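The structure's right below; bear with me while I get my questions together.
In order of appearance the chains are A, B, C and D, and numbering begins at 1 in each one.
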Amino acid sequence: MSREENRLRIVRRAARELQDGFYVNLGIGIPTMVANHVPDGIDIVLQSENGLLGIGPFPSEAEVDADLINAGKQTVTIQDGGSFFGSHDSFAMIRGGHINLAILGAMQVSATGDLANWMIPGKMVKGMGGAMDLVAGVKKIIVVMDHTSKHGDPKFLPECSLPLTGTNVVDMIITNLGVFRRADHDSPFQLIELAPGVSEEDIANSTTAKYEVALEKA
Amino acid sequence: MDKVVASAAEAVADIPSGATIMAGGFGLCGIPENLIAAIRDAGPSNLTFVSNNAGVDGFGLGMLLATRQVKKMISSYVGENKEFERQFLSGELDVELTPQGTLAERIRAGGAGIPAFYTPTGYGTLVAEGKDVRYFDDQPYVMERGLTADYAIIKAWKGDRHGNLVFRKTANNFNAVMATAAKVTIAEVEELVEPGDLDPNFIHTPGIFVQRVVHGPSFEKRIERRTVRED
Amino acid sequence: MDKVVASAAEAVADIPSGATIMAGGFGLCGIPENLIAAIRDAGPSNLTFVSNNAGVDGFGLGMLLATRQVKKMISSYVGENKEFERQFLSGELDVELTPQGTLAERIRAGGAGIPAFYTPTGYGTLVAEGKDVRYFDDQPYVMERGLTADYAIIKAWKGDRHGNLVFRKTANNFNAVMATAAKVTIAEVEELVEPGDLDPNFIHTPGIFVQRVVHGPSFEKRIERRTVRED
Amino acid sequence: MSREENRLRIVRRAARELQDGFYVNLGIGIPTMVANHVPDGIDIVLQSENGLLGIGPFPSEAEVDADLINAGKQTVTIQDGGSFFGSHDSFAMIRGGHINLAILGAMQVSATGDLANWMIPGKMVKGMGGAMDLVAGVKKIIVVMDHTSKHGDPKFLPECSLPLTGTNVVDMIITNLGVFRRADHDSPFQLIELAPGVSEEDIANSTTAKYEVALEKA
């Protein structure tokens, strides 16, 4: 499959985790694409940590408003029933456990759910933004990522080698090769789905983290 | 009670070199662009800025990086600025990276008389190094300190002579909370109105938090990522 | 997303005996009078209430004192109620007195994921007994814990089907903050409006904090101290 | 002087401490009366801790609004330029040192500025309300009180015998007999004014706290 097709499948799989009535924060980049694949009959509200509940679609040229942006600094719109608030209230909302789900990208995830997604030593450090607050506060964290790095190195590892964003925070990992989930933060990850054409052995060859296999029927 | 001053230049005239200044805005959205330009023109140096971001080359706080007036930034994300990168890598500029929510809460605490609080954010990461950790209900938390500043420069939509402010859409961001945490808060407003014009039920920042109000002469409101839908 | 339930009775039907409930209001101003009456009618007992005050005889939380449904009050001021006094002095009712600002901040912390914070309030007094004291910048502070509840019952002016709320004048008081700190927040509103009717710039309580909305059938809004000027 | 005249004089003396531009919180009872004696040319804003800046006069019958009360639960009005907010924001304002001055009643004040004004052991305890927050957060605390109790016992004492509202918090004491002030919280109180017809000896006879005498010319 092409890189584009792989991304689309990851995004669609992540969208299946959305439940009716969920308040959701989507990370910058690929996670943002999940908004375009919300299943029919599922009503969700998207939060943007710069102070917006109810993100709408991108604006038309005429609607563009410098005072209405998302956390990726893109111009957006607001849906009916949405609201604006300050950053202190936005992160009180996040830290207080009021957001049901966040979908984020990752550089590395450990077998115990540690996440690294903000810093590569030796490269220019831009900052963690709101990522550390999201993983610490949101009820459920789904990571979407390529199964291995550009160089083919595993990204689901016994321990992260990169500086952490949070410890024991990831609930689910969706990659181009398969899906891992764990019941709670004391349980190991289980491989529950394989991507089409991917074998258990393919996963094992690209993964250094320990995990259980508990494949679910599609 | 009339807190209106005639110009941005007058509003920032007493900011000394070495001051700590909170500056509102998220990216380039809701930044106090007139006050930043006035600080550039007034010329104080060795400034410490508390600001979520550092502007872009030549706009926002990037203006003050270009003139080397900034000694230190306390921010959560600083990655849109080549001059910033150059000064940081050469050691001219000191940077303290703080998670965005911790930054907002530290400012809120500073304004609310809370000297320290515990947060789950950053536990087990670099940002927790050297900080107290304590368990509550079997979960680990990091102690963070309240943050205050000598000045806050913020941008509001409408303001009155008493300093009551309202913000527009996502241009609120850090502006409201920073207003509470500085000895002197200076607000630039798009529209200056009279006391009583703003509905008292819906004031974002009560006048008690604002010492000076400037009616901004113009607002560029530069957009970082103009993204439109194709219909 | 429609959070409207048909009646106050339906909204409180699942509140079990032994629950901890935050109840908004200051004195009798901004109290959720319909929800209190519905809890009286539903009959759960051994309730713990977090509420700044305890109502008056026969109105507000006084209704639930009369029916002996209350086991404990966490409040800052409880002095307008003979039945309260009788139950307290006889040991039937447990009372935890908390400074009003500490109560508000504990609730705010509970809703904001802050398990504990330091405050200057109450240092050296009875309320600091048994609590950690720590010095910051040579000043003593008391550690207080965040507070959450099973339910919050609150009263708003206008609300929409998503649970967005606005409050009127000083009837906000504890209502907005309590909405953030309960597993289930139930709001009674004077006016039920459609999503989009409320200006998104001026929402006091975003819908995310509210699980159920009831359009109150009527509001007595009893006044405790009617004070008028003589012109 | 009559009790009424004494009270009026205390209130007027307290009002002289108001400065132009001050944000002020007045306690319930006698302190509230200070609002009626603001000197000409002095513009102040009154805060009510239940969530109101800019308290106006009592309403006319037609203006009475159950949703607009002060911390004493009296119906009030709001001035132009006022604002409403929640209790959490109100006490953030108080605790954060944004109120310039609070004028409060007292049962006892100690020589080191401790204040007792909320509880008499053995009597029904109603609660401290917002008093502990005010004395902990407001920049300057003025106590207005009768110099002695109903039974003639001194109320300005070496140490408070009643449970405290706060330690080392009082900046100024205005009684029917005189005025005490201190420069800062490390300094002793100084007697700076005598009420008409009151001698230094009268004060000494009714006071057990140590204080310095530094009378100012009227």
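We take it that a residue touches a chain if its C-beta (ideal position, glycine included) is under 8 Å from a C-beta of that chain, and two chains touch if they have at least 3 such contacts.
Being a predicted model, the structure only gives us computed values, none of them experimental.
Counted as hops between touching chains, the shortest connection from chain A to chain D is 2. Interface comparison, A-B versus B-D: the higher count of C-beta contacts falls to A-B.
Inter-chain spacing, taken between the CA centroids of chain C and chain D, is 28 Å. Chain B and chain C have centres, each the mean of its CA atoms, that are 33 Å apart.
Centre-to-centre, using mean CA coordinates, chain B is 36 Å away from chain D. Among all residues of chain A, those that touch two or more other chains are 78, 84-85, 91-92, 94-95, 136-137.
Each of residues 105, 108, 112-114, 119-120, 167-169, 200-201 in chain C touches at least two other chains. Pairs of chains meeting the touch criterion: A-B, A-C, B-C, B-D, C-D. Only residues 48-52, 57-61, 64-70, 72-76, 78, 84-88, 90-92, 94-95, 114, 119, 124-133, 136-137, 163-168 of chain D touch chain C when the two sit together in their complex.
Across the complex, chain B is touched by residues 21, 23, 43, 45, 47, 53-54, 78, 80-85, 91-99, 136-137 of chain D. Per the touch definition, chain C reaches chain B in the complex via residues 105, 109, 112-120, 134, 136-137, 139, 141, 145, 166-169, 199-202.
Touching chain A in their complex are the following residues of chain C: 1, 108, 110-114, 160-162, 164, 180-181, 194-196, 200-201, 203, 206-209.
Residue ranges on chain C touching chain D, taken from their complex, read 26-30, 52, 75-79, 85, 88-89, 97, 99-102, 104-105, 107-108, 119-127, 157, 167-177, 204, 221-229, 231.
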